[in-house]
Every structure is written in structure tokens, then in C-alpha cells.
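Before anything else, here is the set of structures, which you'll find just below.
The following pair of complexes shares a single chain, subunit A, combined with subunit B in the former and subunit C in the latter.
Up next, the complex of A and B:
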């Protein structure tokens, strides 16, 4: 069963054009000109129940706009939407009982009252029975270690403490689908890890479907089996994180430091017949790029054994997801293989 | 039932917050009262120069003012849309409201609930009793349910007008000019409309029906025959204007664009 289904979804905003100068401002007063900007442009995807899916893209790619349509905040310009059996913007009040929403940049809690009072109020708003609420709250408080924070007003909490409380607030009514818009923004590494662990556990125990947007790809690596990448309102990649890595990863980079000069030609000769590209800044240094399909040991075996090439240091680095994603953002498409610069012709079934 | 329960929950939270800012609470109450007092003093000053205003005596005008204070107090307690555009549209707090399972406008009312406003209603009742006594009005049994009906209707008329105008925030970026203007116009409704010229009478009766929040319903208790039919129109006007308000609000919410990322 799919928790979220999106078909040909678009959201177009009318943006007023401001003409420059006083004359322009006066003209604007009487006749306005508008630009139509498609924040989300004909996207389709579906997310099965129980999946954790990452939703990434540059600032302004349309991530938040999509989340806001999926949560019923915005009404789509066109397309079909189904989230947990509802069309979000049509039956908003019934629909939102089944979902939890955390906006990292915005608080769900009341600023001036104790955290526990906020929770109590949310219990009433969501109509959670007293017993369920107690059980759920105990579980969450214990899991996120909030014990002594509960009586403090939100304004006196640190960002990390607040974010943990926000999570509890969004989950009190035990939603089956949870939307997280940059849940780890501005948090330190310890809180980030804690929150990731918590989300993973929740997904395992309750089968909660999670859709999260983030700029921190470590969130994605830690949590998501699947990632949807957005650029200028379009889906440019939808699939597993592993596939993304193997397809667009640049392979492994092996860096050598030599004790005495070793020309590139010599190295090329040594690795004759193996698909490796060598680069070097000077004779004492060389870098080998080993494509994904090859073993690093093959290269090492050929170079390391030579008695006339003293090696002082070897460094092996793999392309990180950050690098891959940066590359894709820069080219604006996941269809081309940025590693070798050749057109692979593979399409990311956007 | 669900919604009534919510009112109490939010009131409870209001009290908790306010207990931490006690000074603020009293400043608000006192400034409210001072404003009402200055309006009353204005009436007394006018009647220092004349005995009758368009056929209305001082006690009658004060009675109308007292009646006006009752629905106005209810309105300022439960329906506070004063900073809606800034807080909910520009800062995007509407996002949060829309992800909760209660009617969005109702949540906004609850979040801005302001019980000190009710003190104005109480004072209004006292003013009605005093000026009614001066006029020798008799309190009949049906006055109480009718007063309740008219007060609530008048409050709903107010709400309808303000909801309609506030829903313009969904269309325009900042319709900030309208609400202060309206606050000015609404003041005219507290005085007998017959003292104004025809155009203003028409405006205050049918377009921005602030006269239904003061003089028309109050005239029933004053026994002013010429306005009797207008008085009974109050609940009808409430239904009409509240409907207009809610419809334009619901259409507006569909056009909400969110703020920032």
C-alpha cells in the first residue's frame, strides 16, 4: 500500500514584477505585471507505507512547497495527490489527524508556557484519549530523555532541546505518516545523531512512513533507503542512495607520496591494461582514480611491489555523497554521468 | 463539544501565561477602560451643550453606548484579528494552524483570546442598568434572552465584517490600511444613526452594518417604535454577514501561499 501518491503535481505562484524607480512604482500601482513561477513542476512519485524517504535539492528547488502541498497547507495548481487515503487540502481537518509535521525553522509549541502544557493542549486539539496520551508521552519522554525539560517554558530551551520537544509534539497523536522539513537544521552532531536514531527506531517499531527534507546528506545516509532529488521544481533523481553512489560516484581515489621522483609514464606503464587514470602535481606525488567496478588492491599490487619506487604514504578516499550531490546540483541533472564527463544516456526516470 | 472544550483549554493556558506577566494584564485592562471612559466623557461633553441629539436624550445615547459595549467586549475577547496579516501570513504561522485538526479560523481566535475584553461587557451592562434606571425603563423577563440574542448577533456582525476584510490578506500582500480605517467607522455605530445624513445611514445599515451593533438592537429596550423592525433584523444581519465572512475566509485560505522556505 502506498502512503503517499503524487501524480503530475504542480504549483504555480504568481509573482508580481516590480518596475524600478518612482515611475515604475507608480505604474505598478495601476497596472501590475505578474510572472508565473512554477515552484513545483509536474512531479510524480509514490512512497510505500513504512518507508523513510529523503527529499533533497538546493534552496528554492521546491522541497518545502511539495511538503506544504502534501500536508494540506497549500492547494496544488494541478495534479493529483493522495496521502494516507485523503486528498490533503480537501479534507484538511480529518486528514491532519493521521500525520505529524515538524518544520525545523518554526515552532509548534507555545512560547511562554511549559513544554508539558503545550503537550496537554495538543492532546486536546488532536483529541487523544488520556490513557493513550500518557503511554505515548512516557515512551517519547524516556526515549528522547526529556524528563527534566518538561516543566520549562519553550523560550528557555536550547535549540537541541526544543527540537526534541518539537518531535514529541508532532508525534503525540501517533501519526502514521510524518513529514520533517529540515529537522536537524542548526543542531550539533550529538543531537543530530540522537534524532536520527530516534527516527529509525520509530520507523522500525511503528512502521511510520517518513518523508524528510534536509541539506545534511548524513541524515539521508543514516536514515533513507530512498532519495528523491529535486531541481527547479522537477524530480531529477528518484531511487536508492546506493544506486546514486555507484552510478554517479567517481570511484575510489588513491593518492601516493613517493620518496624519490617517479614519473607518470612509469606509473601508467605499470598499470597497463587496467582502466585507471593517473594525475600528478609533481614527480613526488600521484593520484590514481579507480572506477567503481575495479578493486583498489589491483592498483596497489602493481605499484607497491616495485623496489625502485619508495612510497612514503598512501591515502585511499571514496567519493562522498556530498561530492556526488554537489556535482549533480552543479550540472542540474542526474542524467549525465559527471564522473567521466561522458553522456551515459541513462535517464533517472523522472 | 470538541470546540467548547478547546475554548476552556486555551483559556486555561491564557491564564497560565498571564500569571507570568501580571503587570501586562493590568496595563491592558486599565488602558481598555480608559479608552471606553474617554468615549463616554465625549458623550457627556456633547450633552453639556445640548439637550437632545437628533431626538435622542443623553440617557438614551448613554444607554445605546452601554449596549454597544456588551457585544464589543465579547468581540474583543473572542475575535481578535488585529495582527493576523503580520503574524500568520507574513511570518507564516498559518502553516502550523493548517496542520492541526480544528477549523483554522477558530484556532486563530483561540490563540488570540483576550478575556480582559469581557470587563468592557460587564461595564456596558452596568451603564445600561444605570441609564435605564434614569429613563425609568422597566426590566421585563424577555429582555434577558433578547439581550443575549442581540449581543451575540451584534458580535457576529462585527466578526463577519472583520473576517471578510481580514481575508483580503490572502489576496493582497499587506492590506494594512483597511483595518484602522474600519476601527474609525465602527465608532459611528455607537451613536443613533438618525443624526447622520442619509448616505452615512445607508452605509452603517447595509454595507458596514455597525448600526446593528449599537443603536438598532438597543432601541428595542428603549421602546423606540420607529426602529423596532430594524432591531429584529439584527440576528438576520448576523447570519448574512457571518456567512459572507466565512465564505470569503474559506476561499482565501485556498489561496494561502505560505511564507519563506
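Up next, the complex of A and C:
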């Protein structure tokens, strides 16, 4: 069963055009001109129940707009939506009982009152029975280690403490679908790891479907088996994270540090016949890019051991997801690479 | 669910209570206002018996009770709503299974309860000590006034909601909110009773909701409206209360479609 189904979804915003100069400002007073901007442009995807899916893209790619349509906050311009059996914006009050939402940049707790009072209020808002609430709260408080924070007012919490409380607030009513919009933004590595572990456990234990937007690709690597990548309002990649890596990974990078100057030409001569590209900032430092199919040891064997080239340091690095994603953003499409189709990725994880 | 709504009243009341020191200066300012108008009217009356149907003593009572009623019905719902819209936190309101405007109304009422018990009542007692205010002796006037005072709050909050929601349609509704405040103070009869307006203006006022906020309850309290007249003016309040629900409904629906969450 699909928890989320999206078909040809679009959202167009009217943005006021400001004409320049005093004359333009006067003209604007009487007749406004608008530009139509498609924040989300004809996207389709579906997410099966129980999946953790990463939703990534540059700033302004349309991630948040999609999340806001999926959660019933925004009304789509066109297209079909089904989330947990509801059309979000049409039956908003019924629909939201079944979902949990965390916006990393906005607090949903009440600023002036104690954390536990906020939770109590949410219990009443969602109509959670007293017993279920106690059980759930105990479990969450223990898991996220909130013990002594509960009595404090929200405004006195640090960002990391607040974020953990935000998670509890979004999950008290045990939603089956959870939307997280940049849940780890601004957090330190310890809290980030804690939150990732927590989300993973929740997904395993309760089978919660999670859609997650983030700029931190480590979140994606830690949590998601599948990613949907967005650029300028369109889906440019939808598939497994592994597929993304194998198709787009540029192989391994070997960095050499030399004791004495070693010209690039010499290195190229050494690796004659092997498909390796060399780059160097100066004569003491060079980088070899080894494509996926080749062995790193082949390169090393040719360079290491040459008596006239003293090597002081070698570093071997795998292409990171960050680099892959940066590469895809730059070209603006993941489909350009034959075989990295949308379909293959989607089917690989059902 | 109902208990959630009453919780909003309770929590706002407690939050206000935490900041109660702010309101001590408020009582002082309201006393100053009453004083200024009291002495101004004393000078205007001189030894004239009646102006615009008010005796000098009725006028004193009217001023005091109008300001103290304002201490109760006044709230900043317009500003709160406009801020929620402008900084985008309205998004959070939409992911909750409740009606945002109803919640705002409840919070406004929590504030109202606070203002009633810790602002209006002590303020009124102080006004009784300082100025020759005459309390009504007729229990009907008391009951009528208190019921109508509640509807003053409702109607004033409805106007605030309408003004606040304008933030959906214009980029900055600050000017509108200020204008609304001045209009409500002036046209509700707080500054000058409506019967003293020029004929054409006071007949326009008959067709606007503002009189229902201050002037009508004030008339009941001062005893200028009595007996079945009380039911009549209360009827006007009821009509406005239900009438104002219509534009709110349509504005809210239009706003839902237009909603553009600021800041991504």
C-alpha cells in the first residue's frame, strides 16, 4: 500500500513584479504586474507505507512547497494528491490527526509555557486517551532523554533540546506518516546522530512512513534507502541511494604528497595506458581520479616505488554523496546518464 | 476537543497572569484618560443640564464605564494573526486538527478574563473612588450590561480577526490595524458618545457595528436605555455578531487558497 501518492502535482505562485525607479513605483501603485513562478512543476511519485524517503534539492527547488501541500497547508494549483487515504487540503482537520510534522525552522511548541504543558495541550488537541498518552510520553521521554527538560518553558531550551521536544510534540499522537522538514538544521553532531537513531528505531518498530527533507546528506545516508531529488520544481532523480552512488560515483580519488617536485607529465607517463586523470595544484601535490572499474592498487603500483619520486603522504578517498549530488545539481539532471532512469530506481525498492 | 479549547483559555489567562505587572501601569493610564475626559466634560457642561441626552452625571458614569469596558474587550488578536501570517508560523496552525480562528478567539477570551478580573474590576473600583460615578440600581441594567459586555468582546474580536486576516491579501496591514484602532475608539462612542455626533454621522453609525462595542452597553449601564429597550439594543449586538461571521467565513476561505507561507 502506498502511504503517499502524488500525480502531476504543481504549485504556481504569483509574485509581484516591482518596476524600477520612482516612475515604476508610481505605476505599481495603480496597476500591479505579476510573474507566475512554478515552485513545484508537474511532479509525480509514490511512497510505500513504512519507507523512509529523502527529499533533497537546492534552496528554492520546491521541497518545502511540496511538503506544505502534502501536509494540507497549501492548496495545489493542479494535480492529484493522496496521503494516508486523504486529500490533505480537502479534509484537513481529519487528515492531520494521522500525520506528524516537524519544521526545523519553526517551533510548534508554545513559547511561554512549560514543555510538559505544551504536550498536555497537544494531547487534548489530538484527543489522545490519557493512558495511551502516558505510555507514549514515557517511551519518548526515555528514548530522547528529556527527563529534566519537561518542566522548563520552551524559550529556555537550547536548540538541540528544543528539537528533541519538537519531535515528541509531533509524535505524541502516534502518526503513521511523518514529515520532517530539515529536522537537523543547526544541530551539533551528537544531537544529529541521536535524532537519526531515534527515527530509524521508530520506523522499525512502528512501521512509520517518513518523508524527510534535508541539506545534510549524512541524514540521507544514515536513514534513507531511497531519495527523490528536486531541481527547479521538477523531479530529477527518484530511486535508491545505492543506484545513485554507483551510477554517479566518479570512482576513487588518490592524493599524493611528494617530497621533491614531480611534474604532472612524469606522472602521466607512468600511468600510460590506464584510464586515469591527473590534476595538480603544484609540483609537490597531485591527485589521480581512478574510475569505478579500476583497481586503486594498479595506480599505486606504478607510482609508488619510483626512486626519484619520494612520496610523503597518500590519501585515498571515495566520492561522497555530497560530491555526487553537487555534480547532479551542476548539470541539472540525473537522467542525462543513461540507465539511471527513474523507473529502475523505484522498482529496486518496493 | 472541547477541553482543548478551554485549555487555550486557561493557558492564555495564566500567561497573562505571569506578566500582570505590565497591567498596573495600564490601570493608571486608563485612570488618566477617564480624568482627562471627566474634567473636559465638566468644563463643557458648566451649568447646562443636558447635552445630547446626557446629564453631566450620566456623562461621568458613561466615560468611566466605557473606558473600563475597553479594558476588558480590548485585545491584540489582529496583531497576533498578522504576525502569524507574516512570519509564516501560520503553517504550524494548519497541521493541527483545530480551527485556527476559534483557537484565537479562545485565547482572546482567556486574555479577556484576565483583563476583566485584574484590570477592569480594580480599575472600576478606583474610578468609583476618584470620580462621582453612579452605579445603576436596577438589576436588569447590571445583567444587561454584563451580557452585552461579553458581546462587545465578541464583536471587537471579530473586527480584529477581519483586520488581522487582511495580512493575507496585502503585504503590510500595519496601517490598517492602526486605522481600525482609531476608528473603533472613535466610532464606538468611547471618545464621544454617538448621540453627540452631527446628525448625518450618527445616522451612518446606526448602520455600522462599532456602536455595539461601547455605546450600546454604556447606554444600558447609565440607565439611558431601560426595560425592553435593553433587549432591543442587545438584539442589535446579536445581529452584528452573527452578521460578522459571514465576512469572516468568506475571508478565511479565500485566505486558505491564497496562503503563501513566507520564508519557504
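Just so we're on the same page, the second predicted complex is superposed on the first by the 283 of 350 C-alpha atoms of A that agree within 3 Å, B and C clash if a C-alpha of one lies under 4 Å from a C-alpha of the other, contacts with A are read in each partner's own complex, and residues count from 1 in each chain.
Here is the rule we go by: contacts are C-beta pairs under 8 Å (C-beta built on N, C-alpha and C of every residue); 3 or more make two chains touch, one makes a residue touch a chain.
Keep in mind it's a predicted model, so treat the numbers as computed, not measured.
**Student:** Please determine, from the superposition on subunit A, whether subunit B and subunit C clash or fit.
**Tutor:** clash
**Student:** Now for A:269: first (subunit B), second (subunit C), both, or neither, which partner does it touch?
**Tutor:** neither
**Student:** I'd like to know which partner A:75 touches here: subunit B for first, subunit C for second, both or neither.
**Tutor:** both
**Student:** Which holds for A:124: it touches subunit B only (first), subunit C only (second), both, or neither?
**Tutor:** After superposition on chain A, A:124 lies in contact with both partners, subunit B and subunit C.
**Student:** In the superposed arrangement, does A:314 touch subunit B (first), subunit C (second), both or neither?
**Tutor:** A:314 contacts neither subunit B nor subunit C.
**Student:** Between subunit B and subunit C, which residues of subunit A are contacted by each of them?
**Tutor:** 13, 59-60, 64, 68, 71-75, 89, 92-94, 96-97, 99, 101, 103, 105-106, 108, 110, 112-113, 117, 120-121, 124-127
**Student:** Which part of subunit A faces subunit B closely enough to touch in the complex?
**Tutor:** For subunit A paired with subunit B, touching residues are 13, 59-60, 64-65, 68, 71-75, 89, 92-94, 96-97, 99, 101, 103, 105-106, 108, 110, 112-114, 117, 120-121, 124-127.
**Student:** Okay, in this complex, where on subunit C does subunit A touch?
**Tutor:** Against subunit A, subunit C makes touches at 1, 3-4, 7-8, 11, 14-15, 18, 88-89, 91-92, 94-99, 256-257, 259-261, 263-264.
**Student:** With touch defined as at the start, can you tell me which subunit A residues reach subunit C in the complex?
**Tutor:** Those residues of subunit A that touch subunit C are 13, 59-60, 64, 68, 71-75, 89, 92-94, 96-97, 99, 101, 103, 105-108, 110, 112-113, 117, 120-121, 124-127.
**Student:** Note which residues of subunit B are touching subunit A in the complex, please.
**Tutor:** Its residues touching subunit A are 2, 5-6, 9-10, 13, 16-17, 20-21, 92-96, 98-104, 107, 254-258, 260-261.
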